[in-house]
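Okay, so subunit A shows up in both of these, paired with subunit B first and subunit C after.
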Partner chain A sequence: MRRYVAGRLAQAVGVLWAAYTVSFFVLYYLPGDPVAAMFGGGADAATINPAQLDELRHRYGFDKPVIVQYFDYLGKALRGDFGNSVSSGRSVSSTLGHALPQTFALAGAALLLSVVLGGALAISASYTRRRWLRQALLSLPSLGASLPGFWVGLMLIELFSFRVEWFPAFGHGGLRGLVLPAVTLAVPGTALLAQILAKGLVAALDEPYVQTAQSKGASRWRIHLRHTLRNASLPALTVLGLIGGQLLANAVVVETVFAREGLGRITASAVSTQDIPLVQGVVVFGALVFVVLNLIIDLAYPLLDPRIIASPRAGRAIVGAGA
Partner chain B sequence: MGAAAVTGVTPAVPEEERPLLRVRDLSVSYRAHGGEVRAVGGVDLDVRRGEVVALVGESGSGKSTTSHAIIRLLPDTGWIDAGTVHFGSRELTGLSERELRTVRGAEISLIPQDPGVCLNPVQRVGEQVAEVLRIHHLSTRRTVRADAIEILARAGFPDPATRARQYPHELSGGMRQRALIAIAIAAEPKLIIADEPTSALDVTVQRRILDHLQELTAQSGTAILLVTHDLGVAADRADRLVVMSQGRVVEAGPTREVLDDPRHAYTRRLLASAPSLHIAGARVSVAEVAAPVAEIPAQAAPVDEAVAAVTHLVKDFALPHTGGPQRAVRAVDDVSFTVRRGRTLALVGESGSGKSTSARLLLRLTEPSAGTIHFGGLDVTSLRGERLRQLRRRAQLIYQNPYASLDPRLSIGEVVSEPLRVFRVGDRAAQLARVRELLDRVALPSTVINRRPAELSGGQRQRVAIARALALRPELVVCDEPVSALDLSVQAQVLALLAELQNELGVAYLFISHDLAVVRQIAHEVAVMQAGRIVEQGGAEELFTNPTHEYTRELLAAIPGRGAGTTEGRVSGHAR
Partner chain C sequence: MINELAGQTEVTVDRDADADADAQTHAYSHADPVSHTDPVSGQPRRAARVNHAARFFVRRPGLVLSIILVLLVVVAAFWPGGLSARDPLRGHPANSFRGPSRSHWFGTDALGRDEYSRVVHGAQLSLKATLIAVAVAFVVGALIGLVAGCAGRWIESLLMRFVDVLLSIPSLLLSLALVTALGYGTVKVAVAVGIASVAAFARVMRAEVLRVRHATYVEASRSCGGRWLFVLWRHVLPNAIGPVLVLATIDFGAAILAVSSLSYLGYGAPPPAPEWGTLVATGRNYLSNAWWLTALPGLTIVATVLATNRISRALDGEWVRQR
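Our next item is the complex of A and B:
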């Protein structure tokens, strides 16, 4: 088990390094002249003279060979220093750190909603014996998955902020301000989770061990809670890791629609102003969240299903052959 | 609860004379392919207190459906059309789901078919036994664990306190079946429905478990409805036999009477195709269709020409890390044998004895830890790459489960022609012609060529697997339990086909089986394996009539129904 954890950690570090390296070369090297890309572009180009550009190149180290630049930046990044934002001049790490609590509150609320709502939807679809009801419940997720996030957000604002005025439409009104954006952000994840979990639950109902449970005299409710749910939750858990990563991406839209401060808004503005250090900081941070989330999930598999053994060689948890 | 509704139906017979279970005119239908299929029609069945009744029939005969319909454990697509099921004073088909739950597990319990999949894989065994006690409030929260451990001990678990904390995958097949028995006896029910309770197990394990179950139920006066396809098992265990065919009861009566004087043609056919009941008649089908076994290969090559041989094979498997020093299991231990042209060598043993691993080593599907493998006189122990691939042409494999070994998305034509396409044998037209020839050989109509495996029966699928194995004209075919998933009468047909093909083509078989009755029908030579070693090896006739090793004798003695074929009655049963 210890070797398994060590292997997974090494892999996580590898993924982070790859994310850093790819983003470095794509952002700094591919544009040819990052200084011109950052400070030039369009009409502004005229306002900075060539001498100033040279001065900037020297300050950012762009006059050195690429490989030297890469290791310089990597060394700093390892100490948490991603440089300074070009547009605000503040350090990238403090900019991100400042925005983090807002986005984490939003994403955490959305993830919780996804699990609760998606789980409830899946269990009710699997629990009911009425075929029409099951079909109706099972068609909800695909509906939810097909709605664009910004449209859901605008509809919620229209309904709950303007018509009935239950929740604020914009900004940070504490918990109440969190409700509409969290719901908007939770819609795609809820849909995906409900779909996967419901499919697993319905399939698990046909498993022979369910018949064994029935023959013991177990009720349908007991069969769901004690038998099928845990067996069906593995694929759902895998999907949860993907949903967690998606939340950060979707936060860009949701935070923009609801005019909230946060990582998403920072990402959007950093990209539009070509703030390269900030963009890279966001990319690496996104990779970090993704890696940590999936590491937790990989470590959780054996707790859910004892047949999964931790194998360092396979690099990930594998299902034992049974006997 | 439902007593008021029931009293009117209850026949006015004194309690003690009324059978415990009284099924009358039971009919069950399934919804399938847009229509309705009647699986069971007009079945009558009685089980008296403390009695063992065997419900016998082939797959599709409706025996499992009947037994499940008693406690209404039918799949969503099935329902009871008509009939009554009286259990004690209650009529079960009219009970509500809630009332029925008080009967299931507490008064009638079920031992399901396949111990491999019938336990919840993510729940500890002890908890799965305890669940019965929890549901029916038979223990308190504090004592439930200890009670479950005691029940496991009664079901024959060694060290039950430790075993209770294990998960199903950590137990052997026999132990899992004992866990299912523990679940079934936990609430001390009046009736246990045992649906093929041991057909997935080795013969010796099967015998021990059935003995144990009978002992337990004899003590408590529990009745058993034993559902089985194995007439041997039924003959050994049951007081009365009920024979089913195509959803109907064709014959019922005391076991001895039915066996000695079967009235219905179907019962006679079933008796005739049960290999274990007339073990004395050696190599029935082979003797008939393949009598000149020695003559055909003689034209091409000497009879004793070795196709493949292994010498001093050893295979170790590393166990997963558990914190201590690295441990290994020796699955195959100094095994040597030779397979000869046109002959069949059977590897016999229980699961875990290393017979499948030996075959996989011979086929170079697994790397040996030590020893050598010769194929056609050539040392192939360390062949690699293209030369190894060419070796694959000469040795083919037929698997146990024809339901799993055929790709469900390919047509039968594609399944059979795949080896030809992989090795680029002939053009498309030639391949098609070869597929037709092969299907003809295995006695399948050429119309199956465009069908999917799901549309074929188990026997037909195994014929497809045989055709596929023969496509490249191999010298050796390894048959890994090729008939153990099939019904008895189909088993006999497939064995006859294998013998016939060997006769015509001179192909050698390495035949892996746990079933000595089957082995006796097809093998020329037999090697008995136990715990990775070959304990006895020799000509089939000699080994069966004159076993020298203790373990071989034990295996032979464990074949169900051995005593039933003779006229000596069993001791138990009739005395009651």
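Our next item is the complex of A and C:
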């Protein structure tokens, strides 16, 4: 068990470091001259003269060799310092930390909705004996996956804020203000989860243990909730990490649509102003969320399926095949 | 977690390859009696095939509808005048905010411009961006996968670790980072979306190359003195590319969504040009009094994504399985 945990931890740290490295070179080296990109693209492009650019280059350390810069920045990042936002001058970590609670509330609500709705959809599709109903339920996820998030948000505003005025359209109206953005954000995750779970449930119904349970007189409900759901939930758990990362990314769109303050809004404006340090902070944070979620999920596997601990390789293979 | 996802794609891909082989033997045994009757002209055989195809499409009205819709989008992209005679940029202010009617199918916008003709003309930019995105993902991903699969050893592990890192950053965030570095515009947004989905292509391509690399015909060609590059081009690539092409059609819908999200956020073509995401973003300002300006361009995106997903599903398996 300890070896399993240590291996997963080392992997997580490695991925995080690599994500930092990739984002560093993409953001600072793809534009050619990061200083010109950061300060030249704005409204005051004309007011900056070459001497000032040189001074800025010196201040940001861009007059040193690439490799020195990289280790300088990496060293600072390890101490939690991602530099200062170009447009506001505040440190990236405090800017992100400030916006985090809003986005976490939104993403948490969306994740909860995804799990509940996706689970309900998959279970009812697998439970029903009516063919047409099953077909209809199973076609919903692929519809949900084809909807652009920004459009769903705008349509919900149109229907529930302007037509019937149940929920506020913009800003933070407490819990009521959270409903529409959370629903919008939950759509892609719900679709993915329902798809994977329904596939697993239908496959699990053919397993011999279901026949055993049936022959012992278990009801359909009992078989679904106690037997097949447990076995089908493992692959669904696997995609949960993926969904967590996507929630953060899709929050960029959803928070823009609903004019909510938060990480996504900050990201959108940082991209608009080419605020490179801030964008890098967000990208690394996105990778951190993905890595941490997957770490938790990896550590939860053995609790759900003891076979994984018995032989890590074989266990992972079983999980993979189930997906 | 990442490995498991990869395993999942590999499993599905393998199954499809099997289905392919199955279907082919099936097709031959099916066509055999017909070719017996008239082996020279081949006429009855062709008739049977046409008959078969007709039955295939008649049973799938949704697929036919999808093909028609995608054809319409292609026509709109290359010959917009054929679908709408109106100028998408010239407005008649007296005609502003007319709801959908027989003369203006999608209504008119704030300047009295015909929204339907703007959507038709927008197809060009949106389709162009999508094609570029898929092409970038396909070419870069397939190259990485090919090199990784063929080179093996440390080159392979280096490349595949890099691909893992790309997967750990949520794709929309990665696109946003690339947009920050590259700047705005339809082509740049398309490239950003394409790079963000390179990882899946690289994985499938590598898996296929590994499958083919030790096949008998490859070793035979090598032992006959074929140079490695020749064998690669002549034998490995054609036999490994199939599933990657299927992935490209699947990726199409996702690319449309990603491109429209980025252009909704305002990183695509500058305002006067009609791009689908931008049209929805403009419509947002008039959500309370002109629902059609957001609803109908958005529905066009949804319909196009659904149609391409339906076609890719058919290409993925149904067509070969049916034959």
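Assume the second predicted complex is superposed on the first by the 304 of 323 C-alpha atoms of A that agree within 3 Å, B and C clash if a C-alpha of one lies under 4 Å from a C-alpha of the other, contacts with A are read in each partner's own complex, and residues count from 1 in each chain.
Just so we're on the same page, contacts are C-beta pairs under 8 Å (C-beta built on N, C-alpha and C of every residue); 3 or more make two chains touch, one makes a residue touch a chain.
Since this is a predicted model, take the numbers as computed values, not measurements.
Engineer: Touching A:Glu158, do we find subunit B (first), subunit C (second), both, or neither?
Structural biologist: second
Engineer: With the two structures laid over each other on chain A, which partner does A:Ser124 touch: subunit B (first), subunit C (second), both, or neither?
Structural biologist: The answer is neither, since A:Ser124 touches no partner chain.
Engineer: Tell me which partner touches more residues of subunit A in the superposed arrangement, subunit B or subunit C.
Structural biologist: If we count touched residues of subunit A for both partners, the winner is C.
Engineer: Which holds for A:Val291: it touches subunit B only (first), subunit C only (second), both, or neither?
Structural biologist: A:Val291 sits against subunit C, while subunit B stays out of touch.
Engineer: Enumerate the residues of subunit A that count as touching subunit B in its complex and touching subunit C in the other.
Structural biologist: On subunit A, the overlap between the subunit B and subunit C contacts is residues 320, 323.
Engineer: Any idea which subunit C residues touch subunit A in the complex?
Structural biologist: On the subunit C side, the touching residues are 1-5, 7-8, 11, 161-162, 164-166, 168-174, 176-183, 253, 257, 260-261, 264-267, 277, 280-281, 283-284, 287-288, 291, 294-295, 298, 301-302, 305-306, 309.
Engineer: Which positions of subunit B touch subunit A when the two form their complex?
Structural biologist: The touching residues are 71, 73, 75-76, 101-106, 109-110, 112-114, 116-123, 128, 131-132, 135-136, 167, 169, 172-173, 180, 183, 320-321.
Engineer: Within their complex, state which residues of subunit A touch subunit B.
Structural biologist: Residues in contact with subunit B: 3, 129, 206-209, 211-219, 222, 226-227, 230-231, 304-307, 309, 311, 320, 322-323.
Engineer: Of all residues in subunit A, which touch subunit C in the complex?
Structural biologist: 15, 18-19, 22-23, 26-27, 30-31, 37, 41, 142-143, 145-151, 154-155, 157-158, 162, 235, 238, 241-242, 245-246, 248-250, 252-253, 256-257, 267-268, 270-272, 274-276, 279-280, 282-283, 286-287, 290-291, 294, 297-298, 316-317, 319-321, 323
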